[in-house]
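Going by the order they are written in, the chains are A, B, C and D; count residues from 1 in each one.
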Amino acid sequence: MSNLKDIRAEEILISAIAEMLDGLPHIAVGASSPVPGAAAMLARARHPEKTRVSVLGSEKNNFFTDGGKELFDCAGQGRIDAFFLGGAQIDGQANINLVSVGDPDRPKVRFPGSFGSAYMYFTVPRVILFRLEHTPRTLVEKVDFISAPGTSEPHVYRPGGPYALITDRCLFSFDREKGVFRLASVHPGHTVEEIREQTGFEYDEPAEVPETPLPDAETLAVIRGSVAEQLAEIYPAFAAEVFGLGKAA
Amino acid sequence: MSNLKDIRAEEILISAIAEMLDGLPHIAVGASSPVPGAAAMLARARHPEKTRVSVLGSEKNNFFTDGGKELFDCAGQGRIDAFFLGGAQIDGQANINLVSVGDPDRPKVRFPGSFGSAYMYFTVPRVILFRLEHTPRTLVEKVDFISAPGTSEPHVYRPGGPYALITDRCLFSFDREKGVFRLASVHPGHTVEEIREQTGFEYDEPAEVPETPLPDAETLAVIRGSVAEQLAEIYPAFAAEVFGLGKAA
Amino acid sequence: MDAIRLDLEGLAARVPDEAKIALPPDYSYCAMALVRAIIARGVKGLHIIGVPALGFQADQLIGAGCVATVETAAVTLGEFGLAPRFGAAIKSASIRMLDGTCPAIHAGLQAAEKGVPFMPLRGVIGSDLEKRRDDWIVADNPFEESDPILMVKAIQPDFAVFHAPLADRYGNVWVGVRRELMLMAHAAKSSLVTAEKIVEGNLLDDPVRAAGTIPGLYVGALAEAENGAWPLGIPGGYDADAAELARYVEMARTEEGFADYMAGNSKEAAE
Amino acid sequence: MDAIRLDLEGLAARVPDEAKIALPPDYSYCAMALVRAIIARGVKGLHIIGVPALGFQADQLIGAGCVATVETAAVTLGEFGLAPRFGAAIKSASIRMLDGTCPAIHAGLQAAEKGVPFMPLRGVIGSDLEKRRDDWIVADNPFEESDPILMVKAIQPDFAVFHAPLADRYGNVWVGVRRELMLMAHAAKSSLVTAEKIVEGNLLDDPVRAAGTIPGLYVGALAEAENGAWPLGIPGGYDADAAELARYVEMARTEEGFADYMAGNSKEAAE
């Protein structure tokens, strides 16, 4: 068994996310997401003959040849099985806000913008929300701006949607029927009470909440080996910080 | 002045068509039209810094790099100024039929099909109809199948349409307001009476019908020189037959 | 990820009866050898789609009785004239004909490529094509009063079937400027591809080569087939075998002649 | 036909006040040198469109007061964080912001590329993006009962403005797999392009190179600009000048710092 002291928080996240990607044919990752990127690479390392990974902004992990639209077309065709979205704010209905806090016409804070979220959230079956800052400021009751809605009316074409939300404290799954999150596991070192305190929205909490499993030795070896190496091409700063890998000049 | 005996009928057609293309920025030509192709090349030779020519099926005269759709997209953008269409049947409203004679479900004769006519006829400002067989069988009162209509209701978006019809006997211009052809000139060796006899549809005939002008010596030199040479790449059989040019093996 | 590599028979075996297959025109990259293998299997009820026009491939498939529906802007043998088995099938009404127009076929495939149910297209309104297609609807432009526009239903083939000059072990397929093949591959559920040559390296590693390459993601299976377009040619490669094409056109004038031609070709292929 | 070849100032002079210009994201081929020349001209009231996102080009144009409207899926300086002049302009409501989403921008450009007034797109329904855009309409899929779908109005920029690693005397511009530049060029009325190098031969003569080349037909005018993307990098060419970009981000925190930065850069450029 692995020992908690030796394992970084990022490695637990990578491993937990990879579980949700296991065996999927095609996982796509946005450019600024090293942890999901690593999780996708771990999933690919486990099933090299089954799983493809596309990472935007990577030259080695991006096989698209039809310009910026191909990722979205590919999702529209049903050829992308998992994708990741963040959110400056995420609410209990899984609505995400990538635009601004406050009145959007006179915002208190302005973020970059919605990117492809309003589309990928509808077309990719397994969208995993990823937010490292788990506080009542980020996980809110109601977002100030809906970049992409978590749920839609039944007659709206929507093969995709939220599958889970992973934060620095815990993992929520999302129940699309009920339109609510459910606490799935709490990361080692965090507590159910802390989650309650730090979450601004209502969610289902089962009687027994398991701890997020630690990656086993084999998984850790892959993460620290081939995954870290591949990651360094795309996220050199992250690879240097987390895995102590330098980017070749 | 040129002498009729030395001039081939094709050269008169090439020269007459080139007059209608003079100074246009972009002329596109379908693959199986050597006479229009030659006319486009003649127009380009006269204005090499103003006129582009795209010939489908040519490697040297086709600069498209976005697949089969680019020609049509380009026309939709307003970037194609002239195009050529034929017709197994053409009627007095400039409707063209490229599909079949008789009941289309049990046709007496089946032709290849409509190709891009139903679109190019709407989007290209100057569509020149080209039909070498001028008989009551081909120029009919009403086509058996409308591959592309000659005119549209006023509210239908239609920046393009028929501009002229050139046959082996004469040149008609098309009046889009009235929706009728008008006899513009009769080729040397043909008569107004013969046109009346051989045309299955009604058209306007002015009191004085001029003769289609012969190409002058300079024009003939260009046709027989650079145009014939360029044509040989795309239409080797035609270039051999009309200009005595062999295709390099 | 390595591509699934099969022989021609293996590729042909993936095409079930009643499949909807997209085919390129004769001047693009046609998988003639694969089409012969599909014919040899005796597949029935195919729905073939010309992107945007059909030629020798369609005429042989139709002559062999493999085809139920033809959807195309044209069927032509180019300088070799009208397609004889197609013409005979039309006259005997033994195939269902969906006459289209080039940009509508591209638009339908682009709709499937984008995962949308339809694509608007200018023109076409008032043609008999439009009147005879129930997968085309004239609707209103929602941004303008009284501006009718054609809506073309998405065309999603089961398979894009084509040839290419070059592919690699990962299933990446180079088609250069023949980009309609990429559109077909994006729009289809899967692509069955033959290539003159399958190399070991990765075509996407060369940024110049990559620009004309279809990623392996879209390619269901792949077979190496030297001269795979014969008797057609391939752009930038070999010329069409005009004598052989002329021989076909001559023989295919009659049903018997066609059968003899195909039997002879199969025999040759087997030898 | 030879392309119109100008210097950077000549290219910049073609952009009038209130022009609608499409710009690529920082990781594509950005004509930074041309953007500085446009800023130096003091152009006003631009409508800039991110294809699909904007970065340093937009921040500098906005900071210099050239921009009236920003239409994009995002404005970001990537690892350098939020765009400071953009953020300031949003807070002071001095620019009109049209928040979009990547595939809707591609779809709008594709509509212009096809010459259709709109393009359908899945998703987006129920977002605040959709509620705040009057050039997007939720309408009915004409082929299905009760199937609402977004219609995105065509986006036709006056100019596509971008950089490229290679061009030729005929105005053919090689962009490789950065195909959004080709889409921009097709959709725009005209393209203003800078290139690292302009060669004498014809890029379309090489069938491998041709596949990633925008034909000169779409290019209004061209300038050679070595290091034309600096301080950004170009894929397959040079890396971004991280120190310079960091210097910009630091100085652009304030209006004064931004003005100093731009003045310094103009001075450097003049030297």
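We take it that a residue touches a chain if its C-beta (ideal position, glycine included) is under 8 Å from a C-beta of that chain, and two chains touch if they have at least 3 such contacts.
This is a predicted model, so every value here is computed, not measured.
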item	value
Chain pair with the higher count of C-beta pairs in contact (B-D, A-D)	A-D
Chain whose Cα centroid lies at the greatest distance from that of chain C	A
Chain A-chain D separation of Cα centroids, rounded to whole Å	29
Centre-to-centre distance between chain C and chain A (centres being mean Cα positions), rounded to whole Å	40
Gap in Å, rounded to a whole number, between the CA centres of chain B and chain A	59
Interface hub residues of chain D, defined as touching at least two other chains	110, 114-116, 121-122, 147, 149, 177, 179, 182, 210-212, 235
Junction residues of chain A, two or more chains touched	64-66, 70, 72-73, 76, 123
Which chain pairs touch, all of them	A-C, A-D, B-C, B-D, C-D
Complex contact set, residues of chain C against chain B	25, 27-28, 51-53, 72-76, 78-79, 82-83, 86-87, 90-91, 93, 99-104, 106, 110, 121-130, 132, 146-149, 177-183, 235
Contact set on chain D toward chain C in their complex	107, 110-111, 114-122, 135, 137, 139, 141-144, 147, 149, 151, 153, 175-177, 179, 207-212, 235-236
Complex interface listing, chain B residues touching chain C	31-32, 57, 59, 64-70, 72-73, 76, 98-100, 104-107, 110-123, 145-149, 152-153, 155-158, 237
Partner chain C, residues of chain A touching it in the complex	26, 48-52, 63-66, 70, 72-79, 123
Residues of chain C touching chain A in the complex	1-2, 112-116, 172, 182, 186-187, 204, 210-218
